[in-house]
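In the two complexes that follow, subunit A is the common piece, with subunit B as its partner first and subunit C second.
Showing the complex of A and B:
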């Protein structure tokens, strides 16, 4: 624990545009590290693994706040905390994000940690990230050159790497409307009930089409690969099929090919995969009562 | 004994390990505490008014309002900060240390290394194998090498990077097997041979005959992974060496007295020129019960710089300081008759001690000696070997040495009950050792409320309706245990009291208790205050406790082996009772009544025959007594009776009183993920008498919680060699990755106090701080068997381990078979 952090400098912008300018200008010397809730950054600072000494406090940027529904879609400001997200009435149509928000760290972390920060930190174990994949979320980013929108799926490029320019800031997350009748499921398998980094995080969306076949399938996983991933083979095994034990079995086999989890101090690969299969089976059972006895 | 030869007195070293100059007093001269009319258990003023009531803790308000002063809150003028340089190798020779660049850094005031204080020390005088800072070798990743004092911590860290250490790496020994297989890779040169830290083999009765004659014999291998204490407050100390050559050290320690002795020894100072003060401590659990590098380093740096020096360990360093629960590999063979009587037990135990001895000599004995109650063991043998490995040293953690064998043994019992088709609670009752008896290894048992404990958990848990009667995935399990209320010997041999109190009464109506006792949150300062209030009729506000300051307080050995309430409580009771008698005599003389009539209660002193006529305030009573007798002060001390078996090591495990515990745990398991949720633990504990039921319940719940965490969550592992690090790096030295249960994980804990009223405890009290931990782990293991049909013989019972067990065996069939024994719903 470092008791003196007086060698660090924090820039306080007046608004988003000012923040973007400061960030851009900082590239000439030492890049400012954006600071939102600080729940990851402070840990890195204490551990000595963050070498930067200059920070950009995002708190004054009102443009980064707010949860708004627009024509069935939802826009969540990057600075919105998990606690605010979990409590917001508009979130009812996107229940997986509420559940994920309630799984992040514990109450103190949820009060500070932001959705933008969760994306920017880009941990493969980020609790909200599989939900963003499952919902086909879009991420709005901005720089001095203007705004652009990137599907979350394309934003992640590698372990803790994002397709962002060094002077871009995450502004908001946009969630499309969830198709009517969708079955939704979230599960975090951690070692303990709070303050836990997940062994497996799962977010799933299944939409039954006319005739009963699944017409839309999203199975998204955290902690199973260097980035948050969808299990595309397992999705394909379910898509256009009716709920059945056979389809579930195919999906189970396909999942084993989709996911090649890692061994680390939090879990071993064998357990991760076995837990993932059980989570998927649980989702499929809950989505269709007749699936398995 | 004028020839200085060791005798069989308490504290005598095992043969061949005598300390030069050790002179023990003749047996008949040993101190004996006073005998009080009516005994120690009786209330002094008719009824209990303070004892047994739900009173506040004396320091509680300061703690909850953030005003309690911990070591890290202390700031002295001109104070420097210091940090330790720690080894990156698990095992290496130190070729050279060059601190010149660090010393040249602006803001750095001094660097000290092992060469500045090479004297070996160790909590157990027969195994002094540690140095404040390593001189020739490092023995684990995190072993301390040098210390830097600077203006602030940041400068210290920069300076540490500039200290150049040249290492010559040596083969690292990271487990028991390697330690035994490679004696030539010697971890600790103080070992007698190879990597053997201590070996104990004791046999009582004919074990082989007993097992051969048994109807059922179960043999099992168990693995206890070990765990660490993780107190909320990291180790911290401030040292000040003043211009007169007097050293004061404030430290978050549980053993101010032992620290006092070792500081003087290692720093080569006269003991009387060293003062140790224990500020408020934020938890210890055994992890602060010996001196650590920081205290020596801060003191030495203060001596070198002439300025006060503070060292605060990081959380990571607390993991390296460790002294936590030993990993143990245990093999048990246990026999039983067809009707459920235990016949004999044969135990083979290996302890992974880490790099240094710590309390290991005692741990090795405890791994066998503390198993001999609450069940009668007609024949018992244990063979325990502690080895050195290149990991942080293990030592005493809550339930020192006996939690691991208790886990194995109680699981053995459950398996035997299953084999014999008997109810596990009934079998435990049948084997009850009784009260006022002796164990097979010669330990004296006084009060024993174990049967009441069993009754309580059976009744409260609804055992009869649940055991073998719940659906697959849900289960219930039982376990029992015993523990010591202090040991009857001091860690260094001497015949002086183990605890002492000086009590002062002031004419303002206030009492001040001074004692070397160590309050680490367990509430011993409150216990002293309650006792004084009870004896003298004072309000809790009018008793001040001054504790653990070697300048101001008489010696108490510290907070370990659950000794404080029993020993310093007795000392305090005597001190208070002496003064109570003086006051009673004064009043009786003035009023012309019998001294036995005098009652001191609720701030009033009166004669029970005519309280309307003969009554004054306690404050006035103090003044009358002071006028009659002079300044009012008294002392009390405690020395345990001579106890233990008449054999080598027979005093280790001997205690003036034993506590007893029974747990029932109820679990819900997910057979698909291997996840075990403990829903309830019913904890019944015989604490003799609960001096304050709230704090006793707190200890019971805290203990059960800690055992539950060890059983299911906490993993104490060291990494294999990998790119970037060598063998023996702790897998996750942080509170994020060392996963202790949160409040959301914690089961409903039901504390059920049982009071057997011990004849020798203060008002009949025994320990409550460590005993209630033991049965948590086996009760959960046995409940998992009832739920799933698998036997969890290795800790922790985490989901991957449970899944492996479910996959490996015919869990469901085993479950059905166990169920069929009961014969349908009752």
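Showing the complex of A and C:
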């Protein structure tokens, strides 16, 4: 453990309001670091890369828990773990998030790791994030000044940077209803079968319109850029077109312009782009038999 | 697990009394309960009053002159012990084969993470903080960071040619053999570093003793190696150095030579501070700084006949030893001897070199050089089969060694040759022929369906394949190694009349202590639980050699068997009746102790007759015997992501008599998985000479979710010089998985990789080159 544990302190709030007050007041000295499941924070502490010494335990904040359906929409508390998400009966209408949750780390991590932590940690490889982007998720945040809602697509502003104030907490994510008849697809390409960080992670939603043309297209990617991204050119290549080998070929070319991945410790740009193109082709094949890949 | 056995040699005839047999029975592990309940104390669990925590300050550049070392005056150094090369009482070296490696760098650093300074403090957090308060200034020099740069002499790391060792093995008229061959087939094969990844990181504790010596406890394979190195470092006579093994969480070769380094560091800090000092690496440091498997490049040129008969072998092996020699010459030797694989060659030339690079020194790792050259020759066999249009199994059948065949070192295989047996059993259990045909059919059908736009519903494009490999692995030390070791083992009686095994071989998770209990129990006719195995402690056990080279059971087990026979003879003569079980043994033993005093029997290694080796010509009996393994690996490759999934593994291994079949199967399963990891995902990546992925997040080993079912068949063809016919099992399983994986991928996709690991990145490039 590279961090001196004896120098660390944890504040235990009574409820959300109290937590927000403590967090706000801490800005005057050293900002409290919110602590949810700790599955990211403990890794940083072990490596000595987390500078803060004061933590705010979110566990007592009951307001951050709960999975509730409201008029076809779903609200998931920030403290909900991936295990609870994967098992919740209401999740059936959002299968991509269930699939993503089941491939985060392995059982132990899914038992502790939270969706709020995944969002706030803002790793380009966060497995739930392309799903949130593909589902047009909304993120509810709160501070002593009250609550506000930020579309997930506006939340990430740069590498590990969020459009959050220093004294704001993520309270919940909200998933809108998925249009009827949607084809949905999730694929994680990691380093191995479990306990693996994504080299490419993809979530896609395709909705056929009345005339058979795609009327709604979301192609969202993790590990392909400093933030979670949608491949807008590829989406445009499919939108308003009927499923065809030609449309698939256009989307494939467009994807090559959308995505500019990097070489890093886990993979290289060439592989990431090839795998991404193949994954998109696989989605298109699976969503419309008769395509050629 | 299945077993098949051929007749056992002279099993000791039993009297009328029936006793619980031990040998060949799956008795509970001696150390099992303590390990499962957490009662076993690993080094870091030991609470030592007054202990200081030691840390190592390491270099950050690959090749440089040290200009200055400064302790930041702004840091509070109170209570901190600081050691550098000037504090070394003896010679500044890690004494192994040579003394080229400094214990602490003085004027130069030759690799990243080379130890320069040692720190110790009562407070573990303070010493951690102190590491970054040491400023080291370098004058950087150009480094040679891999074996190609070393061969090009981009930097001189060793001597005037960077070569640590050269080995030539020559047999027969090679030129004539190539002329006679129908075809010449060539290949070049590469394999990278691999980390042993024992669960317990390296850890040592050192204390000065009252009599002016040093006492070291820690996680290790070979107490007497540390014993030797510490005498040189501290300039102490042997009796002043005491090395004691603590419960060890795995080794795989990674705790063969490295404990001399960390043990030396702990000793230097203890020497200067006068306090006990503990050094426990975390995973980041262990992965970055400790020894790895040697990377290798193997070029093979073969002459073959059109019917598949192998004629001529010309192999050129280069291994990367890292910055210092460590055990490299011995690793190279085993690699060179195994380079011809498990086959008959009319003529062979094996030219092997180990070179120096500015990277952390490489060392021992399960298989010790053989997996590298066997990966090459087995991959090459698959290539030959493909070029001849022959089934790889048929090619192996035709050429695999048989009893009486001669190896490239001129060794006549006189007994216990299981090559064909393991090959046929593996092929049969794996349903090799049927699967090969079926996968080919299914792959062709899938491809046709995809072309027609009628592929799998989920859009996946999957291909399956099966590949095989075969290997022989020399058991015990190479060449005259065993004679030079001159091992001594002892068996004595404790005051309460229990037999106690005294050897320096260590239990590191493989089950050594359990099988030694079985051996002694079997000979004495007493329950194995009654037998004690003494903690390997150089004050209390003789030097029975290191725990390496699959030798512990076969060689030292044989010595202990002889000790037990001697003890039995003495006690039975004394009692004037045969020992009748455990209680009777205890009675006789106690009477002996009372009437005659202590009882201790010893046995020294004696070279079996008819085994000759010449170190100068590299000709002769390289090993007393070989163990044999065949494997069939089935894979599924996703053409979209180039990910390879392991579907099933079947392996038959001839290890001679299995003293404890479950432990043997455990070795085989574990070694197989380690080999599969090396084949597919384990890759040490360097950046400017530093291990880049020195965390478990990014140094990828298989998890249980990646492990396929492994179907093990133990084949028991006895060896006359092993206890009950036992041969070695520890390393053998590491030899075969990698080439079989590559063969299976080639079968599935038509793409043959000549470099491992076969990561999706490599395979994707190959698939794209081929236009898939």
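Assorted remarks:
Everything below uses one rule, namely that the second predicted complex is superposed on the first by the 289 of 293 C-alpha atoms of A that agree within 3 Å, B and C clash if a C-alpha of one lies under 4 Å from a C-alpha of the other, contacts with A are read in each partner's own complex, and residues count from 1 in each chain.
By our rule, contacts are C-beta pairs under 8 Å (C-beta built on N, C-alpha and C of every residue); 3 or more make two chains touch, one makes a residue touch a chain.
Small disclaimer: the values here were computed from a predicted structure and weren't measured.
Looking at the superposed arrangement, the partner reaching more residues of subunit A, out of subunit B and subunit C, is C.
Looking at the shared chain after the overlay, A:197 reaches both subunit B and subunit C. Contacts of A:123 after superposition on the shared chain: neither subunit B nor subunit C is touched. In the superposed model, A:284 lies in contact with subunit C only, and not with subunit B. Contacts of A:231 after superposition: neither subunit B nor subunit C is touched. Of the two partner chains, neither subunit B nor subunit C is touched by A:156. By the touch criterion stated above, A:114 is placed in contact with neither subunit B nor subunit C.
Applying the stated contact rule after C-alpha superposition, one finds that A:274 touches each of subunit B and subunit C. Applying the stated contact rule after C-alpha superposition, one finds that A:143 touches neither subunit B nor subunit C.
Shared contact residues of subunit A, touching subunit B in one structure and subunit C in the other: 1-2, 4, 7, 106, 189, 191-197, 265-268, 270-271, 274-275, 278, 281-282. The part of subunit A that touches subunit B in the complex is made up of residues 1-4, 7, 48, 106, 189, 191-197, 265-268, 270-271, 274-275, 278, 281-282.
Across the complex, subunit C is touched by residues 1-2, 4-7, 43, 46-47, 106, 189, 191-197, 199-200, 245, 265-268, 270-271, 274-275, 278-279, 281-287, 289-293 of subunit A.
Contact residues on subunit B toward subunit A in their complex (touch as defined above): 152-154, 157, 312, 314-315, 672-675, 713, 719, 731-732, 735-737, 739, 741-742, 744-745, 798-800, 803.
The part of subunit C that touches subunit A in the complex is made up of residues 125, 128-129, 282, 284, 450-451, 453-455, 457-461, 639-643, 645, 681, 685, 692-693, 695, 697-698, 700, 702-706, 760-761, 764-765, 768.
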